[in-house]
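Here it is: the structure, laid out below.
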Amino acid sequence: MSYYTAANRAWILLLLATGLTWWLGESGMAESASVPAAFLMLGLALVKGVLVIYDFMELRHAPRMWKLLIVGWLAFVLSMIALAYWTGLR
Amino acid sequence: MSTASPASPASGPVNAPQPAFPTEDSGASRRRLPGDLAVWFFILAELLAFAVFFLSYAFARARDVALFNASQLTLDLNAGAINTLLLVTSSWFVVRAIQAVKRDDKAGGVRWLAAAMLGGFGFLVVKVFEYAAKFDAGITLSTNTFYMFYISLTFFHFMHVILGLVILGVLLANTWRGAYGRDAYHVLESGGAYWHMVDLLWIILFPLVYVMR
Amino acid sequence: MQYKSQAVATPYFIAAIGLFAGQILFGIVLGLQYVLGDFLFPAIPFNIARMVHTNLLIVWLLFGFMGAAYYMIPEESETELFSPKLAIALFWIFLVAGALTIVGYLAVPYATLAQLTGNDLLATMGREFLEQPLPTKLGIVVVALAFLFNITMTVLKGRKTSISIVMLLGLWGLAVFFLFSFYNPANIVLDKFFWWWVVHLWVEGVWELILGAMLSFVLIKVTGVDREVIEKWLYVIVTMTLISGIIGTGHHFYWIGAPEYWQWWGSIFSALEPIPFFALTVFAFNMVNRRRREHPNKAAVLWALGTGVMSFLGAGVWGFLHTLAPVNYYTHGTQITAAHGHMAFYGAYVMVVLTMISYAMPILRGRAANSNKAQVLEMWSFWLMTVAMVFITLFLTAAGILQVWLQRVSESPLPFMVAQDQISLFYWLREGSGVVFLIGLLCYIASFFVRGEEKTA
Amino acid sequence: MSGAFSKSMARNIFFGGTAFFFFLFLALTFDTIQQYPKRDMRQNITPQVAAGKHIWETRNCVGCHTLMGEGAYFAPELANVVARLGSKEAVKAFIQSRPVEGIPGRRSMPQFNLTEEELDAIAAFLEHVNTINDANWPPNVQG
């Protein structure tokens, strides 16, 4: 896939994922199914973030060090948030 | 399948004004960091500052979940979601603008950049309404820890949107003047990378502060 | 020396070293007063000696910065200084005003000095580091403005390099933020808030621009590395400095009546403050490793590397140690702060001025570098002073940890003076290290008088 | 890597970043100043308290003591001294009773020969400082 269409695809996916996050909050899913919903939202954020990094920032074909740094940042932040969320459950 | 073919018009190294940042795995000069290295250092610094902020929020929340959940309910979820759509779309417009300029399509570049700025302005307008409602309700940085974080994080991000818009404005003016084209899109990519970072940050901020509970 | 007018830097550097010696002598007195409480009492009480110690530090660093600017700017701008005469006149005005101020501190009671110098017209005295009488403060403003005029005009008529721009920005910022020293409301909370606009935005803000510019200048000269490379690094470092340091001011606002959110903002941004100092260290070593020439002035290279390491340790590591609000709640206003203050000032500002003097003085005296013998002595002084400062910092940190434990954390907290008695051993050790530091400084001064085979320019 | 990193970009980021964070600092300062009336007990700043601050400054008390943790670390914290000694009167008595020649071998406070009026003022100032909302600092009465 050329990166013209990659960006378009990323945009559509981002819209869909945002809608899903919104629905999780609006429908009360975030309330009732808080733990699965929270982790689903973090997963969605990871997917969205990677799409932005790969197809908008165009790091898909960037030197590995930079790709790793930025994606690593995203993964680190989200997993630490997950950890914090988990410690807050008790 | 997803590797850019060297023959594709704009993504090949031939048109890149700057040589690739060499790494051991650079396998010829295929791998290329878009934009200026300086901007990437800056982006790293910004990401680091936001990371510390996000994690401070997350761990502060873990110590007082009830307060955070109760206060979170007062936030306007719709406004947050609309703003996500606006930023994501605006980011995509910037990608289209860069693609247009790489084809030497100046008019297209200008149009897409203007659309991207419109998205950014839309974000600011929504946010201003959201802030106005909160301030009218007497909420300040000192109301409680949740609102301290809510205002601090969103305002810090809000200012980044403003800065991003200033950058987009400069890029738009320069594109209009014809400063960029097939062989000169280096600065455009740098500004674009910054705008995408603003987007990326909001993608984490939105679920974290508005939705997750 | 490429431009004749660079020579005006010489008296500035000499005055700086002279005042530095004075600062250290008073430091020794202070250290002794910590353990022998009645030493020199009531002739020179602790507060007077401390005022001399800290004010001399500020004044001699300013002399160093000005001398550095007079040396660097003509060379960077590739033109003679706008007015060398003005520079010399300002030197004498500043020196006499500074000397009179110190004499005033020592000769008359502080309250009398305040009365004599018009403190009742505009009360600005008696706040930490801003103890100077009103005429001195006004004098600082006048001298700073005239100095900036001289330097700015020089830059404007010549080449404008990144180093000059960063240096100028730092010096202008220094002058502008000093103006907040004239704001002294009756409301102590407001007073303290804006007091930090001078103190913090100086030492963790604009002074770091001056530091970066001075270090970059010397590194270009001694390593021969391409100016482009060094100037890019300079921009990256000063950007990091200001984006962390400006909001980092918040780490001073935790317990002085400001809203609680500063505990978050201050902690988050000052957690990032070590990064630029780390970058500075990497920068210095990287440039020296990539050097394209062997500069005969080995001592200057040593000082430059030392600045990188010691500023990271003192400002970066020791600052981070107690900057997070939950930690600072217990360490605020203890010997931990003193430990950090000593190493940070030495590692960042003292060492960068000595780097500049070490590089420039031989050239101002007509040679590329000092004789081998003189350089060996100077390197001895480097190690003596630096190691002594490391020990001063370690002993004060130990004293601080004990103080925090006895006075703040323990189940039955001890009164301040009782806790002080318990930790006097560390104060003795610190005083010993201080004497070693003084010996190092004497070696440094002696190195200027050592002869031997000189390397021609 | 040469060329991929342009100096002009680095310079622009420096100026832009500095301006950005300075504006942010100004915004936070503005909010702080707005919040101050709720925290700094300004309604209690009488002319006597102001005079006391003047005494505090012209005797260079901060050269030995800390006030809300700021100053020299040679002598005790004074933001809570009224609470520690129990009353303004005790504070006055302490200041008044300092021996001119000091206490042999000990850290001593100078005898400032303050008048009764000045003593009242400095005590009023220290009492005022004691009431400021400084986020519960110091951790205990010993300072």
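Observations, loosely collected:
In order of appearance the chains are A, B, C and D, and numbering begins at 1 in each one.
In this text, contacts are C-beta pairs under 8 Å (C-beta built on N, C-alpha and C of every residue); 3 or more make two chains touch, one makes a residue touch a chain.
The shown structure was predicted, so the numbers you read here are calculated from the model rather than taken from an experiment.
Here the chain pair with the top count of touching C-beta pairs is C-D. Subunit A and subunit C have centres, each the mean of its CA atoms, that are 46 Å apart.
Distance between subunit B and subunit C, defined via averaged C-alpha coordinates, is recorded as 39 Å. Centre-to-centre separation of subunit C and subunit D, using mean CA positions: 23 Å.
Residues of subunit B in contact with at least two other chains: 20-22, 33, 38, 42, 48, 141-142.
In subunit A, there is no position where the chain touches two or more neighbouring chains simultaneously.
Among the residues of subunit D, those touching two or more other chains are numbered 5, 10, 13, 17, 20, 24, 31, 35. Contact between chains, per the stated criterion, is found for A-B, B-C, B-D, C-D. Partner subunit A is touched in their complex by these residues of subunit B: 1-5, 8, 11, 20-23, 25-26, 30-34, 40, 43-44, 47-48, 51, 54-55, 58-59, 61-63, 65, 77-78, 81, 84-85, 88-89, 91-92, 94-96, 99, 189, 192-193, 196-197, 199-200, 203-204, 206-208, 210-213.
Against subunit B, the residues of subunit A that register as touching in their complex are 1-4, 6-8, 10-11, 14-15, 18-19, 21-22, 24-26, 30-31, 34, 37-38, 41-42, 44-45, 48-49, 52-53, 55-66, 69-70, 73-74, 76-78, 80-81, 84-85, 87-88. Those residues of subunit C that touch subunit B in the shared complex are 232, 235-236, 239-240, 243-244, 259-261, 264-265, 267-269, 271-272, 275.
Listed in rising order, the residues of subunit D touching subunit C in the complex are 5, 7, 10-11, 13-14, 17-18, 20-22, 24-25, 28-29, 31-33, 35-36, 39-40, 42, 45, 49-50, 53-54, 56-64, 66-77, 100-108, 110-112, 128-129, 132-135, 137-143.
Considering their complex, residues 18-22, 33, 36-39, 42, 140-142, 155-156, 159, 163, 166-167, 186-187, 190 of subunit B touch subunit D.
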